[in-house]
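Note that subunit A is present in both complexes that follow, paired respectively with subunit B and with subunit C.
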Partner chain A sequence: MNEITESQNQRSAAVSLRGISKFFDDVTAVDSVDLDIGDSEFFALLGPSGCGKTTTLRMIAGLEIPSAGSLQIFGEEVGSLPPNKRPVNTVFQNYALFPHMSVADNVAFGLKMRKIPKSEISTRVHEAISLVRMTGMEDRRPNQLSGGQQQRVALARALVNRPKVLLLDEPLAALDLKLRQEMQFELKQLQREVGITFVFVTHDQEEALALSDRIGVMNDGRLLQVGTPEEMYDAPIDRFVADFIGRSNFLNGTLESAEVVCLANGQRIRVPEVDAVSIGDEVQVSLRPERVMIGDLDSAPHDSAQLSGTVDTETFLGNSVVYRVALDWMTIEVEADHRPDVERYHAGDRVDLWWRDDAVAVVRP
Partner chain B sequence: MSHSHQRRLPVWALRTNGGAVLLFLYAPIILLVILSFSASRIPGQWGGFTTEWYATLFDDSRLQRTISVSVRVALVSTLIATVLGTMAALALERFTFRGRRVFDALLYLPIIIPDVTMAVMMLMFFSQSFNVVDAVFGLGISKGFGTIVVSHVAFNIAFVSVVVRARIAGMNATLEQAASDLYASRWQAFRYVTLPLIAPGVFGGALLALTLSLDDVVVTQFVAGPGSTTLPVYVFSLIRKGVTPTINSVSVIMLVASLILVAGSVALQRANASRGRQQLQTSGGTS
Partner chain C sequence: MKLGAAELKREREERRRGFFLALPSFAYMLLFFALPLVIVLIYSFATRTSTGSTALSDWNLDAYRKLGEPIVRNVVVRSVVLAVITTVICLVVAYPFAWFCAHQRPTVRNVLLIAVMIPFWTNFLVRNYAWRILLSKGGPISTFTEAIGLGEVDILFTKTAVVIGLVYAYLPFMILPLYASIDRLDRRLIEAGRDLYGSGPQTFRRIILPLTMPGVIAGSILVFVPSMGAYVTPELLGGGKETMLGSYIVTQFLTARNWPVGASLSFVLMTVMLISTVIYFRSGGRNL
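Moving on, here comes the complex of A and B:
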């Protein structure tokens, strides 16, 4: 763990985007994105479909040419180079394995195109196939493989070329839930083993949180925020980010000073210091349902922010209970643990809600 | 009661219909085969068994020449039309360029316009351009083998590209992107990924072109020159001169040749399919 944080401090940019934009006719698919992805980093581009994340990945791959901006891979400008001239390889969303070739021929394809000597090809293909644990399946055709196996072949086919950066377009989207979880684990392990930069695109926030060192959230072609999974969850700076990663309540207010927000009901609460918005701006306070405490009326500790309301609905989820608590100015969702020692409330109960000052994040509305 | 009655009637009607269709399709062919062995001088009459007409066929040097012209025209025009038609299909399916829609529409014209119109067009084109070539370079070119080939290529490109396009449309374009991502140049991506995958379409298009070329009478008759008559044109001219039973035997030979062609392509497909199945079974056994 320490090794990783240390190397994170010193690493140079594997992929560097400066003002990268892509227009399709009148549509702006990617809008002036600035991004540095570190060497041997596992980076996720997260966003809803149509947000420009796949277009961004395809520009790094060379499958789309940027309309504007600079794109460097390890310091070399590659913006207008065709894909076959870039030190990157891609795992496509539906794997795009060549159906008329065996597993071994699929994996060997990139090496053959680069005219690597035959003996070297066979050792490297063998290595790559055993890396993804597909030994013994060399002679099969892609249509004789399961989804997970095809995924592994696609990984081997890309990794055998020893790319400087591996790009993955929704690598797990085509797999069923159980297989997806298995492959998540394998992918992470594989990245540690080969130690190269992985950039992957996903719309699945859990996948992004589980796999990546850092996440970049995109919406409408813009890159909204970049950070570690914890930063993205704990300290989102944009309402979209807070809403897309996990669930959240959004309380309208105005930033009065660096650490105080005046909520729409006139109440003042302390918030963690922010620099993404300026004092006097309209903001929203993001309050995660599981970070709100719920208790009997007047039971809230006096030194923390608190609100009072009435339980409107309750939803039992097994390990937790989700309450919708109606205040006179908004409704707040609260997720409480379901344990014998936690008080259970029902619709109509008057309750207090409170939270620690550092449990919230101030976001751009 | 009324239900079963209603049901029995369509079965009876369907059977009759099916029988009628088969009779309509195959009776003339069977009749032709039988009559080609008839000893009677009148082509439509049975006069005892003979193979005389086949024997005269093999002595007829003019007929053999026309067969040779037909085969050569068909092979050369098929080759050219297949290459050009495949290129046109790729351009239309994989690239966007100015005038793509116009090109698309124009490409289909030879399929739509009547043969006679096509024939007159080609004839006028050749005579005009030969005049120009004669005036400018002083070269006297005449109609013949070359003009037939060019005309056949002209209509076959359309058919080949239609068949190949259907195949390309069914092929995932991501595969070509994957090839270029794996360091393949445009040509290598085509050679190692696109071509093997569209090969059945290209082969099918070529077979269609071959058949159309071997079959064509109208266009060929307009653009052929002396000494470059194809078999169908020759057969057609035989009928005009007065029908002899030789026509029957020529037709039977053409029939047999096309049957062999079709059977060959079916056998090839079967062999491919069973090889694929075997692979599936053997690899299934090892797991």
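Moving on, here comes the complex of A and C:
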């Protein structure tokens, strides 16, 4: 499986997975995943629930033992080590704070277990608590804290140990929208501040795009593609990826040559060069709604692809309008800016559509 | 906010209805529990006459003073020691079993929990007699140990036999509350403990044990209290040699005909149990 795009040239790998699989009875939760996560990288494992992302994270943490493959953390094979013998810490979903301990005792727990001298423990606990801006709350119990505060304590409890890799399992899922946006920002800042590799699991594509240096998209236990947020959005190689990150239209066709796809209606369009599929393969062309221009063919550059159809429905979204345009062989969604200088169309209008050759991506169907 | 007249009336009515529904159980408890208890309390301050009857006129604390005598003290010490041993053994045996149960599939778990309760379907006295046969000289256990070359075991009518009988009798009362609190334990807290460099034993001591403490305390009270007052088991398996509080109280009432002493001892025993239970509830346990 060398379909994974190694986008950035890796610094030394913090976490390295080779052919990692996990089977539960007869269910394959994770299917032969190869992945390198760089030092001090903010990496997101993105996918729908049940795609194996959490199981992958738990294998890195040591909470699950891989059924097959090799798992290294900074070059050291850790596949079968118990969690307490690994230089990683986890921020659990719903935080899993110890309810019978104060905030300070929660944060101190890892250091106490490692028999760090008392004086050092209290300095480091103090530092960690102030890092997450919870000073003054040391004596509270977890059940006296709000969701956001619990989240901070969970972060402090993990970071105080100075792990080589911090794992976060859906760290923001339990927070309400406003708090989540705030914490996103803080999390990103925190990661820059401490310079530790963060690996986080999420099903929220916006969160993944906003936070991470690189994203790995998983589905059905397989890692489909790895890349920077821009690469994942602009150049998905798999239909699932294009569909999961953002919205897209999918035009059926056949790859005729490295840069030409023959669409299902017989029309030939130019596409960016791809290597994930081979010539002659059935492919789909992923076309983002906001990259399709609507109206006036005169302004279209001569190297653009063109289609025409009839507006079927229009949905007003405030800053934009989404048109469903019926072609004679399929329907595609087009998103146009809503501005005084952009012409507005209505159901039944005959419209021309066009897009630049580099606005599309060819994906595996 | 102030309630309107109609709302107040409705609320009063509902409270009254609740009271009437609870009335039968109140009446029962009053008549058959509270009242006899008061009688016991009254008798504990009375005097035993030379003929063995009880004089309800001469009130004094003589019966309570008698509790300080060596004979009574020996019985109390023996009862406490045997009850503590029984409780500790029950705890050590029940905890792993309850843990195992809580980690099974629901069907397996139900079968196991029902198995725990099956002994209750047979009369308690009958089960004690069964133990007498099992433990007796020439009985199955003794025959087995002889056969494998360990020699004859003669433990009937010893403290060991009493403890075996008590552990057997009260083990379910330890298992069930332990199971309940282990089942309620959030597994992620254990994972968090391991993730934060806790070894297995450390995680048990710092996380699992404190969080299942309500079950441990509830189970311990449920085993310790009846063990202290046990009558049938010490009589049948201890052969009357290992007198425990229960037997001693019965003797005071029936044989020695010293009702004040029996009553005072009963009352002290009950008060001690009550106080320990209250302490448990105060400490935040809700598990009984």
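We adopt the following convention: the second predicted complex is superposed on the first by the 348 of 365 C-alpha atoms of A that agree within 3 Å, B and C clash if a C-alpha of one lies under 4 Å from a C-alpha of the other, contacts with A are read in each partner's own complex, and residues count from 1 in each chain.
Note that in this section a residue touches a chain if its C-beta (ideal position, glycine included) is under 8 Å from a C-beta of that chain, and two chains touch if they have at least 3 such contacts.
Since the structure is predicted, the reported quantities are computational estimates derived from the model, not experimental observations.
With the two structures aligned on subunit A, subunit B clashes with subunit C. When the shared chain is aligned, no partner comes close enough to touch A:Thr313: not subunit B, not subunit C. When the shared chain is aligned, subunit B and subunit C each come close enough to touch A:Asn84.
When the shared chain is aligned, subunit B and subunit C each come close enough to touch A:Arg157. By the touch criterion defined above, A:Leu63 reaches both subunit B and subunit C. Contact with subunit B, but none with subunit C, is seen for A:Gln144 once the two complexes are overlaid on the shared chain.
Using the contact criterion defined above for the overlaid structures, shared-chain residue A:Gly136 touches subunit B, although it does not reach subunit C. Using the contact criterion defined above for the overlaid structures, shared-chain residue A:Phe92 touches subunit B and also reaches subunit C. Overlap of the subunit B and subunit C contact sets on subunit A: residues 61-63, 82-84, 88-90, 92-94, 96-100, 109-110, 113-114, 157-158, 161. Note for the complex: subunit B touches subunit A at residues 172, 174-175, 177-185, 188, 192-193, 196-197, 279-280, 283-284, 286.
Only residues 61-63, 82-84, 88-90, 92-94, 96-100, 109-110, 113-114, 157-158, 161 of subunit A touch subunit C when the two sit together in their complex. Those residues of subunit A whose C-beta lies close enough to touch subunit B in the complex are 61-63, 82-84, 88-90, 92-94, 96-100, 109-110, 113-114, 136, 139-141, 144, 157-158, 161.
Subunit C meets subunit A in the complex at residues 186, 188-189, 191-199, 202, 206-207, 210-211.
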